[in-house]
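Below are the structure tokens for one structure; questions will follow.
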Amino acid sequence: MLEVSMDNLQFGYGKELVLSGVNYKAKAGDFVCLLGQSGCGKSTLLRLIAGLEKSNPTQLMVGGKHVDGPSLDRGMVFQDYGLFPWMTAGDNICIALKQKYKDWDKHKTKEVALEWARNLGLDEDLFDKYPMNLSGGQKQRFATARAFAIDAPLLLMDEPFGALDAVTKALLQDTVLELWQNGKEKRKTIFFVTHSVDEALLLATDILVLGQAPSKIIYTHSFTEETKPTRGTLFTDPAVLDLRNRLTQIIYDEINEKALRVKQQKAADKSSEKTSFFNRKKAM
Amino acid sequence: MVKFVKDYSGVIAIGTCLLIGYILLTDVFGVLSTFLFPSIFKVIKLFPQYIGQLLTGLISSLFLLVTAYVLAAISAITLGTMIGLKSGLRKNVTPYIYAFSAVPVPLLTPYAINLFPTFQAASIFLIWLAAFWVILGTTIGAVMSIDKRYLETASILEMPEAERLFKIVLPAASPSILVGCSIALTLSFMMLAVAEMFGAKSGMAYFVQYYSDFAKFDVVMLGFLFTSAVLVLIMYIFDTIKHRILHWTINN
Amino acid sequence: SGTGDTKGKANNDVLKVSVAAQNNSGQVFQYMAEARDFLKEEGIDVNMVYINNGTDAFTALAGGKVDVISTYGTGGPLIQIANGQDFTVFGGYMIIGETPCFGKPETEWKNLESFRGKKIGITRGGTPDIVLKGILYDAGLLNSVTFVEYKKNQEVLQAIVSGEVDFGATATGYELQAAALGLKVKMWPDEYWPNHSCCRMLATGAWMKDEKNQEALYRLLRAYLRAEEAMQGNMDEVVDLVVKKLDLDKATVTSFVKSEHMKYDSDPYKNSVVKMWNKMGNFGYIKDSNVKIEDHINTKIYKKALDSLIKDYPNSQFFKDKLVQFNQNNA
Amino acid sequence: MVKFVKDYSGVIAIGTCLLIGYILLTDVFGVLSTFLFPSIFKVIKLFPQYIGQLLTGLISSLFLLVTAYVLAAISAITLGTMIGLKSGLRKNVTPYIYAFSAVPVPLLTPYAINLFPTFQAASIFLIWLAAFWVILGTTIGAVMSIDKRYLETASILEMPEAERLFKIVLPAASPSILVGCSIALTLSFMMLAVAEMFGAKSGMAYFVQYYSDFAKFDVVMLGFLFTSAVLVLIMYIFDTIKHRILHWTINN
Amino acid sequence: MLEVSMDNLQFGYGKELVLSGVNYKAKAGDFVCLLGQSGCGKSTLLRLIAGLEKSNPTQLMVGGKHVDGPSLDRGMVFQDYGLFPWMTAGDNICIALKQKYKDWDKHKTKEVALEWARNLGLDEDLFDKYPMNLSGGQKQRFATARAFAIDAPLLLMDEPFGALDAVTKALLQDTVLELWQNGKEKRKTIFFVTHSVDEALLLATDILVLGQAPSKIIYTHSFTEETKPTRGTLFTDPAVLDLRNRLTQIIYDEINEKALRVKQQKAADKSSEKTSFFNRKKAM
């Protein structure tokens, strides 16, 4: 339940700009899903909000204050999990809990960690395994469990269900929604990067689409309590179907525009005859 | 016993080859100077006679070694972690670390004797110094190159400094630090040769140096063999501990 | 201060003194004095500290880590004195050491001229080095030979064997090893420079100011002089003591203890020290020093010990002879 | 110039503090033995007089150092890589590596002089040996703990052994190997103190030992300062190269 | 175009069995998609076929021969990419090409590598970046480009499009299909792990579903040239819709059965009252 506001946010690694002119205000308790082409800057935006990359003091505020470093207030699930390889998967959750709940004893911490692991469909016998001995999806779920466990008011999730099968993913989507909804008036604010339009439609109160580098927000959509899709309406409600097509089209256009730009550039550079792969495709 | 032989068959084979090679080079063909490289049989026969002296030497050497090494490990890892984590500090102190480490420890004996109240303290200082540079260097290198994702995760969890150090920084850096520690251990053995040249009445390097001065190279060889056996044993223990700490990196 | 009548009765105000020495040169006076209980009788408790490198020993002495140094030659301490160290010679241990110059059997050596154009291995600053240089300086040959420096006597021997040098001079105790390596003694430096002075006993001037410390040295010298007397005609016992203490074989020990080129002598030999000082100035080991060496030699304590022994042992010809020798060499 | 001062302000500040500290301990309060710790002003004044000798020493030391170090790096990295990659071989040779590395290099001088035709070769051997153990140890450790995914990818590509070594194994192990190389470099400097004790006529450690034998500790201090300056310079070059090789690991 | 046959294949890490009694024969030129719950052993199976884990000589044959180590015949895209971090992304492709085409000069190698990168929608300016400076999807595509580049007759792909946005993913799915179809009679055999049933339906000639650990194949489906779905028929053909539901149901049942088993176990162990998360959900 922290609000996040970006005011003409700009960021680059070195000289190369990744984000430029990003304006957005998320109210406390919003569930914001980020869509956008691979490499457009979604992870970068989450890293900025998390305080892992330095932003300009006037351009990014969380909970009314400038972000000047990471904190327990902002839980994060990294795209590449970020589990500590020298701890068992279970200890990876426990150490996070210990930071938040300093007065808990070992037993209690472990109980709660186990409960979180179970909530994410992870067996107790995986708890004592080292990350290197887990499957991709298991690692991802442990990383998610760790982020959930610290119960931060702002949750930043970078494609947290990307490595999961359809069924497990659906179950976890429900878990996230439940977790968020159970907050009632004190709902967490969530930024959730996904590459699945359906996932965004199912989870988000607000959907953002990021454009080409240097990226800005090229499309936003907000749901009201009434218009928010559910698993039941996702593939039936014409409004939702329409929105899905629109979102897909926007990303598609953006990609093709970029391919075109690259092609023209190349043509100008060396009059190459090769046709870009992305231009050969007329329709998906 | 059968299992032992099987597990260590390669080790035993190499040992046998080395032994035969030495015997061929000395007793059989006399290629090597018989003065410096005595017959191994002669050396082995000396063992009962010198075992007492060797054991006394072992004890006094171990006292120097353990004290110096433990102090070196603690001080170097502490300092190295601090320097490795703070890139500003690192930039400023690195030239001085290099400058001080350039001073050859064997030439520092007069200074050590002058500055320390007892000869034993001076000896410990010299061993400490050599081990310190090695562990400091590896620790700084190891801490510097910790994958930043781990530090990021730690900072998101707002870990207190101490916990961050012991739960994140040191484990992440431990593979390299432990390589440094094992080299430092070997080097400490080497430094015995410097540290036991003054004020000592016994010691493994003292033993070797003593009989070397009198050209009793058979006894010297015995001293070398004994020292080697001790180091192999210590390293075996060290490796076991290291293996336990690093089980999470084991690939095969 | 000291009294002469300690003879035969244990002293109850035992004084302590720590003496640094090389662990590999026979501490014959010490061994003998221990064996005959002279130290106890004189009320002196000697703590031997073994330091193998001259510089380390000098530093230990200067820093008060030891009270006395005994077997680091003469040249090394004189260099320290020349550079401002507050060291004082108060006694001796050997006036000549057994410091031969070796060469391969086929290497020709007739006289000093034979060194011309040759390479000689030495350990820098050691007695063999300084004595040889002094001799060559007097013969006008110093600039006609090349000295190659090593840290250990062992290395000098190996260098002769491998042909890196033509000759090599070592300290005491290497004669049999050299023979085992097939080397021959080519010259004895003490034949060219008799009583050149070898190991001296020194303490710092500041330390010696304290009367209690003077008393300690006095007792030490008395014990050592008595040991020296006891050694006369008992060299076999000395050999046995050294064999036991140093874990050496009897042949090696005999080779240097009984050598005619080795003279154990507790006399300070002031004249020899001054002569060496001057020679070292000649060939450049001592430069621009405004130190007066005479200020760093104390013969009084030795004289007092000797006088008291003559009084205590009126029948001993040995002590009387020592006095004659003292008067000749400490003018 | 202004930029230089700014970039190195921390370094300069620390240097100044050390200098003032030394002056206070010597000239001002005379806490340290003036014999071993001469006034820094006296030391600096000696510089013009000894610069010639120091430079000659530098050249002959560098000859020993460079030869021994390059040989050590090549031999140790080659052998260490082989041993590190083959876990069977590693298990069998490790005890012998420990055993041989236990023999203190400073006590090996008689053997080196006996075995090598010239004292220069013997000196190089001793420096080589010390550097060799360090680089061997770090290389084995580094190669052992290469992330197995890289080796897997290489084996899927059926890389020829040589390419696998130079394109995969060495780069993957390079962070640790280079830490080892930098420690070995420092250690080589230290070993000059042993290597230049026999048969040398010049050299940086020879210089220090020589004047130490003649109790000229002001000149000794000058030698230390000069050696330190040389090592700082060499390490600066080394770090630049290392930085270039390891740019892909740089986190910040 | 290598056939792969598994005959009662069994494998475990240490004592714990992951695969047990896997029987399957893929004809040369088959496009096999592997489905299954997170952690069921999909990656493990690919690693076995690749020769990265040791299998029993009689239990696994590729191209008629036992697999006793990795080879250039079997290209692999790892779930965690496996790019060499010390090489630029481009060099990661070039070094693979160099192994296969030893006579090509540097220029030619780079040209082809660039072409492959372009085919996967990667700009030329990403070519010189180091993996650590790429986004998740960019890394994944470079890893895929590397595997494509060596043109192996057997291709093993472990969730290769898991980190890509919907549009880029669709374009790359077309690329894989094209690459496979262009092979004509010499089509590559492809094993493709995916967590998306739709992706499997679109790409596969054969779909395998792996069950619980120790895992075996619990369902297979083969398409003929005629029944193979296309993007056009994927959401319209009733047979395909039916198959999708069936596959989803199988995975769902499998997960729930396991959850039940775990629950019973736990109830037996300590009469815990907690209801498993996976049992609370009645329907997706």
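What to note about this one:
Just so it is clear, A, B, C, D and E label the chains in written order, and each chain counts residues from 1 on its own.
Methods note: a residue touches a chain if its C-beta (ideal position, glycine included) is under 8 Å from a C-beta of that chain, and two chains touch if they have at least 3 such contacts.
This structure is a prediction, so every number in the text was calculated from the model and none was measured.
Chains that touch both chain A and chain D: B, E. Looking at which two chains touch through the most C-beta pairs, you get B-D.
Per-chain Cα centroids separate chain D from chain E by 49 Å.
Annotation: 85 Å between the Cα-based centres of chain C and chain E.
Averaged Cα coordinates give chain B a centre that lies 38 Å from the centre of chain C. Each chain gets one centre point, the mean of its Cα atoms, and the points for chain B and chain D are 17 Å apart. Residues of chain B in contact with at least two other chains: 33, 36, 110-111, 114, 209, 212, 249.
In chain C, the residues touching two or more other chains are 55, 58-59, 62-63, 152, 154, 158, 161. Multi-chain contact residues of chain A (touching two or more other chains): 80. Inter-chain contacts, as defined above, occur between A-B, A-E, B-C, B-D, C-D, D-E.
By the touch rule above, chain A contacts chain B in their complex via residues 50, 52, 69-72, 74-76, 78, 80, 82, 84-87, 95-96, 99, 130, 132, 150.
Taken together, the chain A residues at the contact with chain E in this complex read 13, 35-39, 42-43, 79-80, 115, 118-121, 123-124, 126, 133-138, 141, 158-159, 162-171, 174-175, 195-197, 231, 248, 251-252, 255, 259, 262, 274, 276-278, 281, 284. The touching residues of chain D, counted against chain B in their complex, run 10-11, 13-15, 18, 33, 36, 87-88, 91-96, 98-107, 110-111, 114, 130, 133-134, 137-138, 141-142, 145-148, 175-176, 178-180, 182-183, 186-187, 189-194, 205, 208-209, 212, 217, 224, 227-232, 235-236, 239, 246, 249, 251-252. Remark: chain C residues 54-55, 58-59, 62-63, 76, 79-80, 82-85, 124-125, 148-152, 154-155, 158-159, 161-162, 164, 285 touch chain D in the complex. Listing the residues of chain B that touch chain A in their complex gives 149-150, 152-153, 155-159, 163, 167-168, 171-172, 174, 248-249.
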